[in-house]
Amino acid sequence: MAALLEIDRLTVTFGGASPVLDGVSLGIAEGEVLALVGESGSGKSMTALSIMRLLPEGARMDAAAVRLGETDLVAASEGQMNSVRGGQASMLFQQPKRALDPTATVGSQIGEPLRKHLGMSRSAARRRVVELLHDVGVDEPERRARSYPHQLSGGLAQRVMIAAAMAAQPRLLIADEPTTALDVTVEAQILALIAQKKAELGMSVLFISHDLGVVASIADRIAVMYAGRIVEQGPTAEILDAPSHPYTQALILCSSLRPDESGELYVIPDGAGLERVSSGGCRFQSRCHRAVEAHVEHHCASREPELVAAPGGTSGHDTRCWAASTMRESA
Amino acid sequence: MTETDLRTLGGSAGPGGGADGTSDMVVIENAVKHFLLPRRAFRRTRDHVHSVDGVSLRIGAGEVLGLVGESGSGKSTLARVLLHLAPADAGRVVVDGMDVRKLRGAESKRLRRTAQLVFQDPHAAMDPRMTIGESLSAVLAQHRMGTAEERRKKVEDGLREVGLDESYVDRYPAECSGGQLQRVVIARALLLGPKLLVCDEPTSALDASVQAKVLNLLSRLRREHHLTMLMISHDLRVVRLISDRVAVMYLGQVVEIADRDQLFDAATHPYTLALLDAATPKRPGSEPTVAARGEPPSPIHPPEGCRFRTRCPLATERCRTQMPPLQAVAPGHEVRCHRWDEARAALVGEGGLVGEGES
Amino acid sequence: MSLLDGTRTSALDSAPAPVRVARSARGRRWIDIRTWPASLVIGALLFVVVVLTLILTPWIAPHDPAAQTLSARLTGSSGTHPLGTDQLGRDVLSRLMDGGRFSVSIAALTLAISAVVGTLLGLVCARRRGAFDEFIMRLTDVLLAFPEMIVAMFLVAILGASQSTLVLALVLGGWTPFARLARGVAIEIDSRDYIEAAKSLGCSKRFIMMRHVLPNALSPLMAHAALRFGHKLITVGALSFLGLGVQPPDADWGSMLADGLPYMSRSPGLVIYPGLAIFVTALSVTLMGQGINVRRNRRT
Amino acid sequence: MTFLVRRLIVLVSTLVTVSFVVFLIPYLTPGDPARKILRARVNDPNLDAESVARLRTQYGLDRPLLVQYADWLLHAVTGDLGISYTARSPIPPMIVGAIQVTVLLTAAALIFALAIALPLGSIAAMKRGRPTDTVITTVTQGFVAIPEYWMAPLLVLAFAVHLRVLPSAGWTGVASMVLPCLTLAMRPISYFTQVTRASMADVLDSPHIIGSRARGLSYRQTIWRHGIRNALIPVVTLFSVWLGGLLGGSVVVEVIFGIPGMGRLVYDAVLNSDIPVLQAAIMCIVTLTVAISTVTDVVYTVINPTVRSANVSS
Amino acid sequence: MRTLKLSSALAMAAFLSLLSACGSFQTDSSQPAKGGGSGGDGGGQAVISLQFTPRANFALETDDAFVLTQVGCLETLVKYDDATGKLEPLLATSWTQSKPTEWDFRIRDNVTFQDGTKLTPDTIASALERMLKVEVPPRPFTPDVISSVTAVDASTVRVTTPTPSALVPYRLAAVNTGILAPAAYTKSGVDPLRHCTGPFTPVSVTAKQSMTLERNDKYWGGKAALTKVEARFLPEGATRATQVQTGESQVALAIPAASVPDLKANKDVVVSEAFTPRTSGLYFNVSKAPFNNPDVRKAIQSALDLNAIAASIYDGTAQPAIGPFAPDEAWAPKSVKPVSADLTRAADLLKRSGHAPGSLKVTLLAYTERPEFADLAAIIQDQLEKIGIKVTVRTSDYAAIEPALLGGDYDLSLLSRNHLTDIADPIGFLTADYTCKGTYNISHYCDPSFDAKIKTANAESDAKARYAIYAELAKRLQDEAVTAFLVHEQTVAARRSTVKGFVDDPLARYAVTKDLSVNNG
C-alpha cells in the first residue's frame, strides 16, 4: 500500500518554549485508519492542525516533509493549502457545535466545500447538501439544512460535520476526538458512521483519541504519543495485545480499569513535570518502572531512545524504549 | 416505613454503623424535580424539564450505589435532590433519618455534615481566589470547629490523607493539576466526617492514568471511613469497579436496578444492554455495534409510554401507550420494561456482553 | 428579556467587559504591583498624583483661589502665576486645584453611591429573583431609556440647579449599570460549582456572599466603576459647563472652562487647562479600568 | 412572534411609566400646578385668582389626578402636546424639526465613528499584541476621556478661526456638520474600536474559524463570511445604544455649535421653565430611545440566530 | 440569505438618515451664498448675526418684533431717532394732536406691502386694533393707554387715548406697533414672509436658525444697497463674535465685552460701541435691616471700585455709573461724577451705622441670564470683604429669584435695568422701580415726595422741564444710595471692515438698513 500521508520529523514550537511536537514521523496508507492515542497535552491535536497547516498564531512548524499524496504540505502556498483543506483532507472536531459558525445555517456551511472545491452553483450545492445530510443519516435533511448549529444535538452536529467533511470526497479524514463529547450510545453510532463512510469512499483516516477502547474497533494501526513524541506504533491488535513500550503498557492497564489481586487499579507513578523531561533522557523515564532496572538505567536517564522496530513485533511495529526487549518477556 | 421508624433506624446506625447493610442511609421515594423554563408570553403553562420524574431508591448504610445514565438522564439532578441543593418538588428524600425536604436551621447543618458531594470538574469546584488552605479551613470555621491553629492542622491532615503534602495549603487551585485538585475536593468533602459521599462523575474529566488514581483513593477512603456512596457515572466500567448495586437512569426515571453482578451478567432492559454493549472492549477490526437508535429525546417533552421506546429496537404498540412499571424480575432486580423477559435473548448476540468473555 | 442583559449594560460606557469571572486565578495578591499591567500602573500613578494634589490644595495652592487682582487679569504664565491669571486676575493654577475638588468629589460621590446602591440591588436581585428581581430589572430598563443628560436637565427643571441636584441626577441613572452587572456576575458566579460546593458544605449564605460572590464580582465591578468614573467626571463638567451643575461662586472644571470661553483667543489657557485637567483625570481612571480588565482577562 | 409581543409590552409599559412621571412635572416643580398648566393652555401668565378658579374647572384640573393623566395622555397621543410658553405656538412642529436635526447629527456622527472604528478595531484584533494593536488601543482609549466641551472650542479655534475652512457654528449644510460630528464621534470611536477589537478577537479565537478554514475557506473568506458578522453582533447593539443615548446627550455639542436639535430644545425649555415643551421633548426622546432599543433587539435577533430561535421558536 | 438581511438592515439605517437629512435641511434649500460675495448691482450680500432668536412665531407683541425690524422688514408709523432725540416720520408722514385724547397720523402714500397689497389707514387700524386685543399686549401699546385706532379718511389714522397723553407718537415708534400686510395675520400666528413694507423681503425662515431676505426692489424709500441678507439667530455672544472673526458673518450685534479685545485686535473687523439705556446696579432691599440705613448703603457705594469693574469684566465697554442715567442722556444730572472708591470713608460710614467690621453678613443674589453677573458678584464679594462685610453669593436663574426680589425677602441683588423699556422717556422706569406702588419696586423704596415729583413729571408736556425733574430724582437715588449703580452699559457691534453704512442702534431696533452695503472690491 502506498502511503497517502507522510510526516517526517515534524516539530512544532511556541516561542522559546520546548517543542510541543518533537520530531513526529507518521505515515498513513491509502484506505488505512491510523489512530493517534495519548493523554491530554501529548500533542495529538497539534499533529492534526499541523497537517492542515492551521496551527495557532505564534506556532513555528518545522518538518523534513509533510506530504499528502503528491502535495508537499510544507512548501504549499496558502492558496494550495486552501484547496487541500476540505478538498483532499477534511477534519472533524471534538466539539462539533462549536466548530460551526453559530450565525450561519448548517446547509450553507456544508455547501462551502462544494462550492469552493467542486465549483457547484448555489442551487446545485443546496441540493447536494440535502443528499449529503441524508447520507449521514440525518432525518428531514431539507429542514435540517436550514437550521442553525445551536438547534442541533451533539450527535446530529457531528453528523453534519461528517457531511461537510465528505462533501468534496477527501482522501484523508482527520478526526480529532470526534466522539469524546458524545454519549456512549451515540458514540457508537458516530463510529459506525465514520467506518461506513471510510469504506464507501476508500479514504484514509487519522483518528485521534485518548480512549484506547474506542480506537480498538476502528483503527488499523495505532500510534501512541507521549510528551510530543511518538513512543510506539504498530498494528492495532499487536499494540493492544503486546505493547512493547512501558507507557503503552501502562496506558492499557489503566484504561482497562481492572483491579489487581489487592483490589487496586494500576497507576502510573507520578513523575517529574514534563518540562524537566527533555533534558536528554527518555521522556517517560521518571515514571517508568523499567527505568530503574540497572542495566538500562544509564541509557534511560541520559539518552533518548530511537523509534526502532519493536523486538518480536511484526514489521511496522516500532517502539521507543531502551528496555523494549526485556519488556516483552515480562509482559 | 413511617418517618419515626426511619429516624430510629438512622439514629441506631450511628457513626460507622450500618456496615451490616441492614439499615438505609438513603431513602428516596417518588422524588420529582422539574425545572421550569422561562415563561413565554401568552402561554398559560410553562414548559419544564422533567429532570427527575418519580424516582425511588434506597442506599443501605455502607453500601455503594452506582448510578448510570447519559447526559440529560437526571442523575446529577438526583444527586442535588438528595443533598437538598435542588430541593425536590415532590416525594420523600430521607438521608440518615433526616427528611431533607423538611430540614430547618441546625438540622440542615447536620445534613451538611452527613452528606457530601464530589464534583466532576475540580477546577470549577474550587474558588479560584482562595488558596486551598483558605477554602478548606473556611468549611471548618463555618461549622465552628476548633481554633484557627486546629483547623489548619485538620486541613493538613485531610490533605495528607488524600496523598497531598502540606505545601498544597498555600497553593491556589490554578496551580494544581486536575488529578491533584480532585483529591483536594475529596479531602474537603471528608473534612466534616460525612457518612454519605455523593460522587458526580468524579473521574470523567480526568485522563486515564489519573482516573485510576482517584478511583483507588475513593475505594480506600470508602473502606477506611465506612462511607456510604452514590457513585454517578456515564461509564459502566467505573461504576462496576466500585459499586455494590447499580441503578440505570433514562430521561428522569430509573429503568433498571440490580446488584452489580446481576446487572452486568443478567441485565434485561434494552437500554442497559445498549450501555453494556457500548462499554464492551471491542476487538480490533470488529465492526462497531449500534444497540440504540438515534439520540435521547428532549427531557422537556419526554415520549409518552415507555420513554426509551423511540430508540428501542423492541418497541411495540404497547410501549407507545403504556408506561411500564418498575417490576421486580429477581430478588433485588427491578426493571422498567414491558418486554424484559425477551430483551436479553433478542439483543445479546453470540459473543455475549461486557466482560463475559473475559472474566 | 435576558437577551441583552449582559451586553446592554456595559455597552454604553465600559469597553468590552464581558461578564466573565476568573476561572483560575494565578494566586497573586493585589498588592503586588509587579503583576499590574502598564496601563494600571500609569493610571493609578496619575490618579494618585491628581487626588493627592486635590487633597492637599489648601496647603500647597500657590494663591488663594478667590483672591482677585483686577489690574493683572488674563496674564500669561509667569513666576508667580505658573498658569497665568483669569478674567478677574485670580491665579488659574490655584483655581484649578480648588475647582478640581468639586469636580472630582462630585464624580466620586455619585459614583460611590451608584456603585454601592447598584451593586447591592443587583446582588439582592440575583439572590431573590422572582418579582423583586423582575421589578428592579424593568426599572433599569426604564431608567436606561433616559439619556443621562436628559435626566439631569429634567431634575434641574424640577429642583433647580445645584450640586445636590447634580448628584441626585447622576445617581438616578447611575446605579442601573452596576445593578445589571452585579446581578449578571452574581448569577454567573452562582452557577459555578464552588458555590454549590459551599452550599453542600453547609456554608452560610452570608459566607457565600461575602467570601465567594463578592470577591469574584469585585474586579469586574471595579473595572466598570473605573471606566464609569471618567464618564461621570465629564458629565459633571458638562452640566456645570451648561450652567446646570455647580453654581457660582463655586466653580468646577466645567464651569471654569465655560467661563474661560469668551477669553479663549486672548488667554487660551483658561479653556485648555480645565479641559486638560478633566482629560488627564478621566484618562487616569480609564487607564486603571482598562488595566483591571486586562489583568482580569489575563487570569482567565 | 411572542418575542416581539414581549418587547412591545415592555416598550408600552415603559412609555406609560415615563409618561406618568412626565405628566407630574408641573406638580413636582414649585408653585401652583394649575397655574403652570393653564399657562400653556391660555397663553396668559398673569391670571388673577378668579380666572384661575374658573379655568381650573373649565380645563378639568379639579378632577382626580389619574383622570387628568388619562386625559393628558390621550391628548399627547393624538399629537396635542400643548402650547409652548415661550414660543406661544403648538409644540409638535418644534419637536419634529429638532428631532430631525438631532437624529441626523447623531446618525452621521455614529456612522462616521463606525467607519473609523470598525477597520481600526479589526486591525487591532488581527495584530493582537503587536505594536499596531498597542498604538490603536492606547490612542482610542484616550478618546473616552476627552470632554466634548473641551474639544469643540479647540476645534473651532483651529478650523474656523485660524484655518477658516469650516463654519464655527450653525446648521446650514454639510460643512457645518463636520465639526459637531467629529466632536460627537470621539467617544463612540473609542467604544466601537474597543468592542470591535474584543469581539473580533473572540471570533478569531473561536473554533468555528478553524472549522471553516478546515473546510477550505481562505483566511480572508473566513473572516468575511464567518468573522465579521459574528464580530458585528455586539457592535450593532452598542451602535443603537449610542444612538439612543446621544438623542439627549448631544446637548453640549448642540449648544456650542448652535444647532437647533433636541438637546438645545430641552436645554432652552429648562432655562425658560417651559414645562409643556419639556414634557413633550422628554416624551419624544424616551419614545425614540425605547423604540430604538426595541429595534436593536429585533436586529440583534436577526443577525444572531442563537437568540432568535430561543425567542421565536417554541 | 443571512448577508442579505444584514445588508438590508444597514441599508435601512442609511436610508433613514438620508430621510432625516432631507427633512432637516429642506427649509433652507435656497441657501444664501456665503457672505461677502458682491452682488450684480451694488452692495452684494451680507450675513448678520443677531442676538435674539424669534421664539413666538413672530407675534409682534413679543421681542420677535425686534428681529423683524432689525432685518429691515418691519416698519412702524414713527421712528425715534436716538441721535437727535426726536421723532421722525416713517410710514406716517406727520402727526398732530387734534384733541387731548386724540392723535391723527397722516399715512405715507404709495407704500405697498411686499405681497403687493397697498398700505391704507384701514390696514393700519386693523393691525393696531389687533394688537390691543392680544392676550398680553405690548407695554407701550396696551388698552390702558390706548383706547382705539380708527381710519378717519383715505390717508389718516386716528389714535384715541383714555386720558390726555402727550406720548402717543412715542408709543407708535415702538417696534411692537409695526405694520404687516393683512395676510400676515393667520390663525396659527404671524407669517412675516413677503408681508412687510421694509427694504428687505423675508423669503424663508429656518426655525431658530436663520432667515433669508431679498432686496425689496419696490421699497418706497428707494432700493437698498444689498441684494440679499441672511440673518442668523445666535444666542451665544461668543459665537456671534467668532462669526465676525472668521468672516462667516459681516455684522454681529451685541458682542459680549469679553470678546471685544479679540475683535479689536483683528484688523479686518471694526468694533463700534454705542450707548444703550441700560444700567446695572447693586440693588438694596431698603425695607429691612441693615439696608434700611442709608449709611450702610453709602458705605457699600464707597467701597466699590467702579473703574476697576468697568475696566475688567466689561473690558472697557461700560462706563462707571453716575446714577440710573448715563451722563450723555438728556435727563441725566449734569456734572456728576461716579462715586470713587474710598475704603476709609466706607469704613467710617459703616462704623457710624453701628456695624463693627466683620459683624455684617449678607447674601447677594445674582441671576444666570447675565453671564457677567457671576464675575461681578465675585468682585463685589471681594471688595466688600475689605470693609468687613461678609457676602454670600447665590446664583440661579431669574425666575427662581424673582419672587424673593418682589417679595422683599433678600439683602442684595444684582440687576441690569433698561430705563427706556416702553418709550423713549424714563418715566416708566422711575415709576415702576422707585414709586411706592411701583410694579417693579425691587428696592422697596417708598418716599411720598418722590412720588409727587413723578406725578408732576407725568403731567408736564414740556420735555425740558420733565427732564429736569428726572435729573433731580436720579441724583436723589444716587445720593441716598437707594441703589448702588455700577456701570452704564454700552452695546457693542462688530462688522467686517468691508461693511459700509452700518449704524448700531442703541435700542436694538435697526441693523439691516437700506444704506448697509458690503464692498468686496
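For the reader, a short list of remarks on this structure follows.
In this document, chain identifiers A, B, C, D and E correspond to the written order of the chains, with residue numbering beginning at 1 in each.
Here is the rule we go by: contacts are C-beta pairs under 8 Å (C-beta built on N, C-alpha and C of every residue); 3 or more make two chains touch, one makes a residue touch a chain.
Just so you know, these numbers come straight off a predicted model, no measurement behind them.
Set against the C-alpha centre of subunit A, every other chain centre is closer than that of E. Between C-D and D-E, more C-beta contact pairs are found at C-D. Most remote chain with respect to subunit B, judged by CA-atom centres, is E. Averaging C-alpha coordinates per chain places the centre of subunit D 37 Å away from that of subunit E. Centre-to-centre separation between subunit A and subunit C, using Cα means, comes to 52 Å.
Averaged C-alpha coordinates put the centre of subunit B at 89 Å from the centre of subunit E.
Each chain gets one centre point, the mean of its Cα atoms, and the points for subunit C and subunit E are 44 Å apart. In subunit D, 6, 161, 229, 255, 273, 303 are the positions where the chain touches two or more neighbouring chains simultaneously.
Looking at subunit E, one finds that residues 2, 245, 397 touch two or more other chains. For subunit B in complex with subunit C, the residues that touch the partner chain are 38, 80, 83, 85, 108-109, 111-113, 115-117, 119, 121, 123-131, 138-139, 142-143, 171-175, 185, 188-189, 191-192. Partner subunit B is touched in their complex by these residues of subunit C: 2, 22-27, 192-194, 196-204, 207, 211-212, 215-216, 299.
Subunit C meets subunit E in the complex at residues 66-68, 70-71, 73, 87-89, 160-161, 243, 247-249, 259, 261-266.
By the touch criterion stated above, subunit B contacts subunit A in their complex at residues 70-71, 207-209, 211-213, 215-216, 219, 234-235, 237-238, 240-241, 274-275, 277-279, 281-296, 311.
In the complex of the two chains, the subunit D residues touching subunit E come out as 42-46, 86-90, 93-94, 96-97, 100-101, 103-104, 107-108, 111, 156, 160-161, 164, 167-173, 229, 232, 255-256, 258, 260, 264, 271-273, 299, 302-303.
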